[in-house]
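Chain lettering (A, B and C) follows the sequence in which the chains are written, and residue indices restart at 1 in each chain.
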Amino acid sequence: MDLVLEGIKDAFLLLVRGDRDVLRIVVLSLAVSGSATIISLVIGVPLGAVLGLNNFPGKKLLASFINTGMGAPPVVVGLAVTILLWRSGPLGLLHLLYTPWAMIIAQCIIALPLIAGFTLATMQQLDPRLRTQIIALGASRAQMVWLLLREARLPLLAAVMAGFGAVISEVGASMMVGGNITGQTRVLTTATVMETGKGDFPMAISLGLILMLLVYAVNLILTMAQQRKYSR
Amino acid sequence: MVRVDSLNVSAGETLVIVGPNGSGKSSLLLSLALLLKPAGGTLCYAGSRVTSSRTALALRRQFAVVFQDPLLLQTTVMENVTLGLRLRGVGRAEARARAQVWLDRFGIGHLAGRQAKTISGGEAQRASLARAFVLSPQLLFLDEPFSALDAPSRQSLIEDVHQVLKQTRVSTIIVTHDRNEALTLADRVAVLIGGEIRQLGTPSEVFSAPVDESVASFVGVENILPGNVVSSGEGIVSIAVSGIQVDGISSLEAGEAVTVCLRPEDITLALPSLEPVTSSARNRLKGKVARIVAHGSQVRVTVDCGFDLVALITRRSCEEMGLVTGKDIVATFKASSLHLIKRH
Amino acid sequence: MLRSKLLQFAGALLMTILTLSIGVACRSAGNTTNTTVSPAPSLSTTTSPPKPANPEVIMASTTSTGDSGLMDALLPLFEQKTGYKVKPIYVGSGQAMTMGERGEADVLLVHAPESEVRFMQAGHGSDRRLVMHNDFIIVAPSADPARIRGMNSAVDALKRISVAGALFLSRGDNSGTNQTEVKIWKAAGIDPTGKPWYQQSGQGMGATLNIASEKGAYTITDRATYLANRKNLTLDILVQGDPILLNIYHVIQVNAAKSDKINAAGAKAFADFMVSAEAQEIIGKFGLDKYGQPLFFPDAGKSEKDLGSV
């Protein structure tokens, strides 16, 4: 128990003192996971919307891929990305392995099916007559999709939180493709594993607490946005 | 499957399409509103044909559609009502001003800032109507707009819409299965039965002079009786229905086979001892009460006077006369109430 | 009204933090950054740092090396002197050598001599040089049920543990430490796998020590990691000094003939650095102030025989 207390105390001190190492780790965690979430949003929401609102041959197949992707083990994703990016791999000439970009790629692959899948299910759940009414009001196709997405903002925000939560807490793939290199690819999760492995439990607990604080802060803001209109 | 050879709507008129459920009225409306692609045929608006999806979008921006459910978005009432305007590029302030006028007109101006999900069904449908009217559409489509409302809301809303339509003279196409709505709102009525337009005319034409038996039964003519013309003269015809003579007004010749149509509300019932001596009703039939069915404040009385005649009277009258099954009763109706359809 | 203003502010703040983070991270991804202040180079009067053609060097080493913190002390100096940027990847010796085989690393710093010899014989490495050593020790809770405290022979100690059926925790991850442990069991003529008292953690040295401490098990560890973690553990040093327990580190340059992606020049520069006088001096002093004894002993230029290794 005193280990935990020591960890809490250390976490507080680290943050207040602005310890450079820890700050760098926090910033990198935010940057990598934030970028991955945003990229997954930009690709995933339109993808899910198009799939959800249209019917075409092969739709079921594509949807099943997305749903499978939601449950794909991150470690397997990490392995696949490593094999793609290492020197003897097809994308080796990009020299992306052991860089934050590799981590962003892996995390995108993890978050994208989540966000696309949630968007797909949400769009399919909307009242089809609502779509007709919006078109009847004179909306172009693009305006209609935008209005429907706005109408579904509650579950969509949940999707964003799910996607962000999945990648900020991910460790296996990040470790494999990033290498946990000091100052370059060390993020909160990989640092926590490393400190645990070294036996420095107070430090590991501190990092774990900081990670939880980070996740809570982000989700607090998103939840407030989600629940906004229901105060009345 | 709906097959319409041609259907015209003139500027400023309200056309009501009536028909039983499943007759394809909504599909017809959706096609006319360019929301459903017809399997064949052409649509012309103000003389020009619809050719591409771009012209379709431009035309849709001159229409407004209101459905049975309000279908409002999860935002404020004001945001909902201004949606159509803003989709057309109207500025926010101007859109709000115009919307407020229409919200007031439909009696829900005080609800402008409320969340759309929190208002009642009747209020929401008013908002949906305001959303349509604020667009000053060239053509307004209403798809069973009153069906989902409770009776009091429906009544007041029909009246409000009637007033607005009279004032604005917007060309309107309304679809409903309710005869009363058609009677109240229509300039012309189209009866759609079995995927075809059986009759197109003014409300009084359609309701009092249905062109065939299926239209007749849909428009509420409950007495549809086969008969033969026995004699005719001076515009009056005598028709034998199950051996009993009734008189109607027509130029048909003796010997013609006809179907006699008589609306239940055109029949007056009286107790034999109390029947008025002077009456303009030419037809007076004696019979016995066969069945009494109450419908809210009205009662349907089936009288057997050689053939079954259904009359519609108030509950009060029924109680005052003390009607019971088997009681002797006299049914009277004017000759002008009979509508005759030639049988083939 | 106030609530939505607050929300907008919070949202804008979130986006700003996110954007700044990405900006900062991008910038720092371009530089190598290490927190330890690197000592100024003693000799050179260069006005600008050297810029090699291919500055990226992937060095694969072991978790015990990484965990000790030695590389954090050495790498900044190397990068400053030569302009190379090192990506240190700490895995087990087994995986490090596999990376070398595949050409996924340019230079290795490992401590599994028998595997290394096979590695060189197979032609995967172009040069192998002795860098430093420390030693392994056998640790256990002071209760010492197998009564091995103070024994001189590691082989005999393990024999006694086997006879007593005392709990023994192995790393079981094909690391250098694990390979030494296996070597000793073999020399004792015992195959412990499958025995109920023999367990494998599959993890790094620090984690393994913690598990051994929790479970009250015997284990073999390198001295450096033990010293670094001592305050968290309830384990005593029971056996040390046997030459078989010597833990010898070599730096191996991966054979550049494998693929043109291998940074041969960088690998050589790193290997040269590790045996240079400057690096050797740092190695020799590392850990002195913190633990009162050095964690490693510099050995550049010697051969394994000199160390008396078996």
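One rule holds for everything that comes next: contacts are C-beta pairs under 8 Å (C-beta built on N, C-alpha and C of every residue); 3 or more make two chains touch, one makes a residue touch a chain.
Quick caveat, the model's predicted, so the values are computed rather than measured.
Asks: Measuring centre to centre, with centres taken as mean CA positions, what chain is farthest from chain C?
Replies: That would be chain B.
Asks: Taking the mean of each chain's Cα atoms, which chain ends up nearest the overall Cα mean?
Replies: Smallest centre-to-centre distance to the global C-alpha mean: chain A.
Asks: Between chain A and chain C, what is the separation of their C-alpha centroids in Å?
Replies: Centre separation, chain A to chain C: 32 Å.
Asks: Averaging only over C-alpha atoms, locate the centres of chain A and chain B and give their separation in whole Å.
Replies: Result: the chain centres lie 57 Å from each other.
Asks: From the mean C-alpha coordinate of chain B to that of chain C, what's the distance rounded to whole Å?
Replies: Chain B and chain C have C-alpha centres separated by 88 Å.
Asks: Quick check on chain A: which residues sit in contact with 2+ other chains?
Replies: none
Asks: Touching residues of chain A toward chain B in the complex: what are they?
Replies: Touching chain B from chain A are residues 127, 129-130, 132-133, 135-140, 143, 147, 150-151, 229, 232.
Asks: Note which residues of chain B are touching chain A in the complex, please.
Replies: Interface residues on chain B, with respect to chain A: 30, 33, 35, 57, 60-61, 63-65, 67, 69, 71, 73-75, 83-84, 87-88, 115, 118, 131, 135, 141.
Asks: Please output the residues of chain C touching chain A within their complex, sorted ascending.
Replies: 3-4, 7, 10-11, 14, 17-18, 20-22, 24-26, 28-29, 32-35, 56, 58, 63, 67, 72, 87-90, 102-104, 203-204, 206-207, 209-210, 225, 228-229, 232-233, 259, 261-262
Asks: Please name which positions on chain A make contact with chain C in the complex.
Replies: Residue list for chain A touching chain C: 20-21, 24, 27-28, 30-32, 34-35, 38, 86-88, 92, 95, 98-101, 179-184, 196-201, 218, 221, 224-225, 228, 231.
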